[in-house]
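Labels run A, B and C following the written order; every chain starts at residue 1.
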Amino acid sequence: MSWSQSTFTLSPRTRGCYLITDEIVQNLPELQEYKAGLVNLFMQHTSAALTLNENWDSDVRLDMTDSLEKIAPESWSFRHDAEGSDDMPAHIKSSLIGASITIPIKGGRLATGTWQGVWLCEFRRMRHSRKVVATIQGEKLK
Amino acid sequence: MSWSQSTFTLSPRTRGCYLITDEIVQNLPELQEYKAGLVNLFMQHTSAALTLNENWDSDVRLDMTDSLEKIAPESWSFRHDAEGSDDMPAHIKSSLIGASITIPIKGGRLATGTWQGVWLCEFRRMRHSRKVVATIQGEKLK
Amino acid sequence: MSWSQSTFTLSPRTRGCYLITDEIVQNLPELQEYKAGLVNLFMQHTSAALTLNENWDSDVRLDMTDSLEKIAPESWSFRHDAEGSDDMPAHIKSSLIGASITIPIKGGRLATGTWQGVWLCEFRRMRHSRKVVATIQGEKLK
């Protein structure tokens, strides 16, 4: 049973959903050493989120961004509005989608489905740098 | 500290929410060997989800299906619509509910609450087979 | 590699979102012994949830409570209504937000971001006691 923990920063992005599977894997070269295990990716922020979703048609990311805006629209009136009209909806979306995901590892790779990728959902309009704490546990390849 | 990883396929189902606690446990006989630990259930798909919810009244599952349809309705217009009008709403619901759950194990059983069960939420109208990667970590019974 | 599992009960609360980081940490003194690791907090209930969100402005918690009520309102008609009009919406919110969170541990503390705290979201109007199963895995400090 081996394990490792590291922190890295994702490229800053404006509001939207982004496929970041490659960026995650590049930041975690130690993944390749694990025969089997789990990786937990934890975002240290409250107005962005990590999720798993479709990895092929970029329209899905655009539709997701628009749909989340419909589910928690800026037009609602909020007490918390000092940081801009996109801030409180960002907090809502962050808890709906979630700050963290856990993915199985198999044979040195993420054991995701064929059409499944890791998404960063950035909910603030302005470009933000987001920090991720990655914790890997598992059995290493001999 | 012991651990194991396996992949199994859930019975194919049409759109709806289903109580699958027994199906999960039957697919994971090794659960009984763990005195305490965690099991991560990870669905390798992007238009279905796993969650924990009420295990007694089947009306809760029907109400959940209808409510998710209200939260992310097919009637919204989407860019991504080549796979049918239920496809993009399925992707949205999948990220809202989540592809994966982690459940504690205690005394060889899932340490869920009295009224808590594992649910499969299938968001596509057509019957789909869904693969789950189960990863267990913990301390085995002597 | 060390690990521990314990169950504790959160102070009962009426409907709303609550910052419970301190209450969690007080219930888990063993956290301080871990150099690095993960803690999984699992709520054994289906009408409340755990999430991570903003830890500074209490208005965010009020806005979240109101917003979740807009996303899954009591005014919808439900089959499952014997336990009160707030019960089915509570089940929906519980699956949207999630019953469980996994947080990295670093240097004996939760490795949360500066503005990030643990929230209990109680979705029932009446005060409820909520049980949490905490499972910690990681490397202990020498």
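The rule is short, and it goes like this: a residue touches a chain if its C-beta (ideal position, glycine included) is under 8 Å from a C-beta of that chain, and two chains touch if they have at least 3 such contacts.
Bear in mind that the values here come from a model prediction, so they are computed numbers and not experimental data.
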Two copies, chain A and chain B, superposed on Cα atoms differ by a rotation in degrees, nearest 5, of 120
Comparing which residue numbers chain A and chain C contribute to their contact, where sharing over half means same and under half means different, the two sides are different
Taking each chain's mean CA coordinate, chain A and chain C are separated, in whole Å, by 20
Listed in rising order, chain C residues that touch 2 or more other chains are 1, 71, 96, 98, 102, 137
Seen from chain C, its contact residues with chain A in the complex are 1, 36-38, 51-54, 57, 59-60, 62-64, 67-68, 70-71, 96-98, 101-104, 106, 111-116, 119, 121, 137-139
Per the touch rule, the chain C residues reaching chain B in their complex are 1, 3, 5, 7, 40, 42-46, 71-72, 76, 78-80, 88, 91-92, 94-96, 98-100, 102, 131, 133, 135, 137
